[in-house]
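What follows is a pair of complexes built around chain A, which joins chain B in one and chain C in the other.
This part shows the complex of A and B:
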């Protein structure tokens, strides 16, 4: 029900302040990226006098962000594809199939959600080195898949649990195999959840710095976020250049969010209600 | 939306056409296959090299900076001229994650052949993964200075490239505005207090300070230390004989609190980042003084870019006349390169470190990036900035910094306590008791 009168303002004012607090850093970054270094040093909060895209161009041209963007696209696309395939299969199995140890296996998957990456960093690095996947796209794709798969399985299982068992039974009666049910029923019905999970995982993979930093050790294989972070040097004071790099890296994420914001919200709440 | 029998469910069953998912999956998988191909042949960091071929990988946090491009190009060409066929790859890592990343590589026993280090605790904590270099760098010993910061238990583990030190920089225009003589910076603490009162009255912050990371206290301790400790006390501190209950140590921590209480600094010290907000404020003319660096950032060159002839520099003031009559610039090795134990050809890696510390490369580091080089033979007269000349002239009398003699654990504690001291949550005595316990 829509709030009226005083109650409406009680809600609206804090929401506006919250929106302002969220939007301001973006506006600030945009403004800084449009300033010269001198302008920034003399007054970082003032509006840019002479708007310039030089910092964005510099970040793109001289820092190899174009190559890093390609790497990010490759790794993100590969990881998301693998995550969707494995996540949807596992979600189907956990929600609709009956097999021994299902509950325990699901709990193990959920448990993996609670392990911070920092805890497994060293063994992860060692194993990846031993199987010669350090500094390769495949290595990073597998790393992301391993890291984000528990979350994907959790969401897909929640979503598939809502599908009435009668539909699956009907397909079985019609002679469909387990794989056939997955392909003909689960995949088409899971479209909203797959889209949401895909978008969320794409954002996770795109924004990651730590895992990528560990896996991709040569500059030519570096991903965009690591490239942008490296723009700072030790304690670099060229903040406008850094802001230019941040903008380059953030634009695809902002675009994805604007286009798919409803699906992202749906994805986060998938499985939170039943019926 | 809840799926229903009449919705997409039946359509999905009755017309098993290739759905959106398959359409998205196929190109994505194709992309993965392409990626697998694109990544080959694999480049493994720390692959080492043998004479006549291979690759040496160097990790640092500078090779991506525009100002150090020439330095790295010179070092690389110097090395490649001596070892044709051996490739050199510099990998600039983000400084924020540098030691985390290096720590992981060290624990896994796999990483670069050569790594950049800050002198002091950061390197000393990792000597178990570094090759001792004493018998390999004898020819550099006389030309370079700052070795102490890269030694542990009298063994040398890295070669210094720059020096690190804490001079007091000041803005002559701010002094002038406050009615002070811009050519006569304070020599004693009393003069500094008078100076600060005048600057504060004129509407500026006397000092720019950022203690968000807790680093302000390091600069304060090492910056004011030469004016407080007697020469014997100073040497004892560096040698590990530290008396945290002495009146001199108490004087420094008292002064840290008192200067804040007297309003020497800009607002919000504990929420202001030292790197780079503190130094950006000073460059922007929003403060009279700052304790800056002579190493690779926040130095004379970066300040000169904005302040020009208004930039001045002075040595730490005499704060305890009973102990000290004149002071010196606290300075030691800044950043250097160490050779990792797992490198396949240590002699080759040492040669690359020597190229990174060659006079030609060092000269470029000084002139373009502003760091005072660790090479005594670099001609500094080519740079026409008065502050740089003064700093170089003070180097022969310098002594190492007080804070780098402490362990990383004690420094971390000191960072936190310095913030609590400023916010009034602990007393100086409590701080000193805790630091003494940590420094045992």
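This part shows the complex of A and C:
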């Protein structure tokens, strides 16, 4: 069905306005980050005099964002690696192997999808303290892995179940073991799904603030998003510098979005329509 | 979705030879994931239910029955948090209808639909902290939005400082930031829509609203149900970052939501048992919302 002529434009106008409302806050922030403090106080909306990354650089240098970025990179990379490994292993087993208890174990994994972190926050904090992993990178990596693993298993299972069993059988007739099939067939064939799921998980881990606030307590172990929340107090009288810091923290995500938009939307819709 | 039936179609000889190895290999593959899920999610859930029945402070660890839940009922801050959940429910139809409508427009192939989709989805990938910080700038009392209002001859609004307005500001920003998610899910639903039904409707001379009402909505009922559930769960569990950055629960506790209450009670107030009780209340709330989701999960597991 295709709407033609006049009707098309009647809807095009609100869509255009909404697109503007979606993107303008970012553009505004970018513009503010280019201004001097005086410029911002005089006029909020005027275009910055010149293109400069001075505020962004200042914010980067004066606020410890480098340290926080390092922490975020370590924790995100570790979590995504672990999630993809465990998620693809379990996904392969649930989708391609018949074994006792499969249905029940899969139900346990999916059921855990319905337990949000807020609900288990207090005991989680205690358990992590008891095994001496509070305020460590490993602790936060484990926390993220626990948090996003059910979702990862769900997506990997549904992806692997689309791989024809004949391929697996052929490899097995050729003498490959079950684990050999995982390494030689499932991992290479799963690359597009692993990319999609990996990017989604990377965004989740990178963007999180609640779990990170709870697990990482010392200032030197802060992740980037927690660092951003501290900027507000630090630069309360210098909005352009604050905007610069916010942009620094947003840039990696913006870049990932521009490169991997397809994989991201594929990932979120795979989680929805397969249900 | 998941069709292991084909896996079972293998020749019995090959199967029998591999059955023992098969079972062991499967356990090797599944065990690490299960250990993490049981240890870091299911065990804490059980522990949390147990903590919620024990005392805080000098009654630490002692069984106190439902005392924590009674404390919650008497706590005006918690009551505000629950009232704010009510506001979330009121906002839910808006949060679903806006992306639903937009997806319909995009489905009708408004010029540039790919571009719109990219733009609308963009805030979804940004951290709530980043979004909160940006809107902190935009909505501050001497900020740009109030200046615009001033230019239009209107009085400024204390978007984040007025206890009646602040919660609406936070909810509004959340909807702004997440409607792209629902939009993309709706579009995935539209792509499964049977084109011949639409053609038939057009042959019968149905107008656009009639087509939407009689064909699109019934055909997409599962998608709509899914969006309702996920949007509500997103509101109940995804607003911590926004609240933390934009208002920190203020002014006067007006923007508390259960998740924020749990965090403050556990951390600043150092009352983990009370926080656990609040956690259980949130969990029950989520379960009620998630009854529809349980149905969806059942459908998924039936096919495994």
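Following the convention adopted for this analysis, the second predicted complex is superposed on the first by the 226 of 275 C-alpha atoms of A that agree within 3 Å, B and C clash if a C-alpha of one lies under 4 Å from a C-alpha of the other, contacts with A are read in each partner's own complex, and residues count from 1 in each chain.
Rule of thumb we're sticking to: a contact is a pair of C-beta atoms (placed from the backbone, for glycine too) under 8 Å apart; a residue touches a chain by one contact, two chains touch by 3 or more.
Remember, it's a predicted structure, so these values are computed and weren't measured experimentally.
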Review point. Chain B versus chain C on the shared chain A, clash or fit?
Key: clash
Check your understanding: Regarding the shared-chain residue A:137, is it in contact with chain B (first), chain C (second), both, or neither?
Key -> first
Check your understanding: Taking the superposition as given, does A:231 touch the first partner, chain B, the second, chain C, both, or neither?
Key -> both
Check your understanding: For chain A, which side has the bigger count of touched residues, chain B or chain C?
Key -> C
Exercise for review: Go through the superposed model and pick first if A:149 touches only chain B, second if only chain C, both, or neither.
Suggested key: second
Practice item. Could you say whether A:192 touches chain B, chain C, both of them, or neither, answering first, second, both or neither? Key: first
Review point. For A:13, is the partner it touches chain B (first), chain C (second), both, or none of the two (neither)?
Key: neither
Practice item. In the overlay, answer first, second, both or neither for which of chain B and chain C A:210 touches. Key: both
Practice item. Scan A:125 for contacts with chain B and chain C and give back first, second, both or neither. Key: both
Practice item. For A:255, select first, second, both or neither according to whether it touches chain B, chain C, the two together, or no partner. Key: neither
Review point. So, A:27: does it touch chain B (first), chain C (second), both, or neither?
Key: neither
Check your understanding: Now that the structures are stacked on chain A, which of 42-50, 114-122 or 276-284 shows chain B clashing with chain C?
Key -> 276-284
Practice item. State which residues of chain A lie in both footprints, the one left by chain B and the one left by chain C. Key: 44, 121-122, 125-126, 164, 209-210, 213-214, 226, 229, 231-232, 239, 275
Revision key, fill the gap. Within their complex, chain C touches chain A through residues 1-4, 6-11, 14, 18, 21-23, 25-30, 32-34, 36-45, 47-48, 51, 102, 105-106, 108-111, 115-130, 133-138, 143-144, 147, 176, 180-181, 184-185, 187-189, 192, 198-199, 201-202, 208, 211, 223, 226, 230, 233, 236-237, 240-241, 244-245, 258-259, 262-263, 266-267, 272, 275-276, 279-280, 282-283, 286-287, 290, 293-294, 296-297, 299-301, 304
Revision key, fill the gap. Given the complex, residues on chain A that touch chain C span 1-3, 7-8, 11-12, 15, 18-19, 21-23, 25-26, 28-29, 32, 44-45, 86-87, 89-90, 92-100, 102-103, 105-127, 142-143, 145-147, 149-150, 153-154, 157-158, 161, 164-166, 168-169, 172-173, 177-179, 182, 203, 206-210, 213-214, 225-226, 228-229, 231-232, 239, 242-243, 246, 249-250, 253, 256-257, 261, 264-265, 268-269, 272-275
Revision key, fill the gap. Seen from chain B, its contact residues with chain A in the complex are 1-3, 5, 8-9, 11-13, 16, 19-22, 24-25, 28-29, 31-32, 34-36, 38-40, 42-45, 57, 61-62, 64-66, 89, 91-97, 101, 104-105, 107-111, 275-276, 279-280, 283-285, 296-298, 302, 306
Review point. What part of chain A is in contact with chain B in the complex they form?
Key: 38, 40-44, 62-63, 73-75, 77-78, 80-82, 84-85, 121-122, 125-126, 129, 132, 134-138, 141, 162-164, 167, 171, 174, 183-185, 187-189, 191-192, 194, 198, 209-210, 213-214, 217-221, 226, 229-237, 239, 275
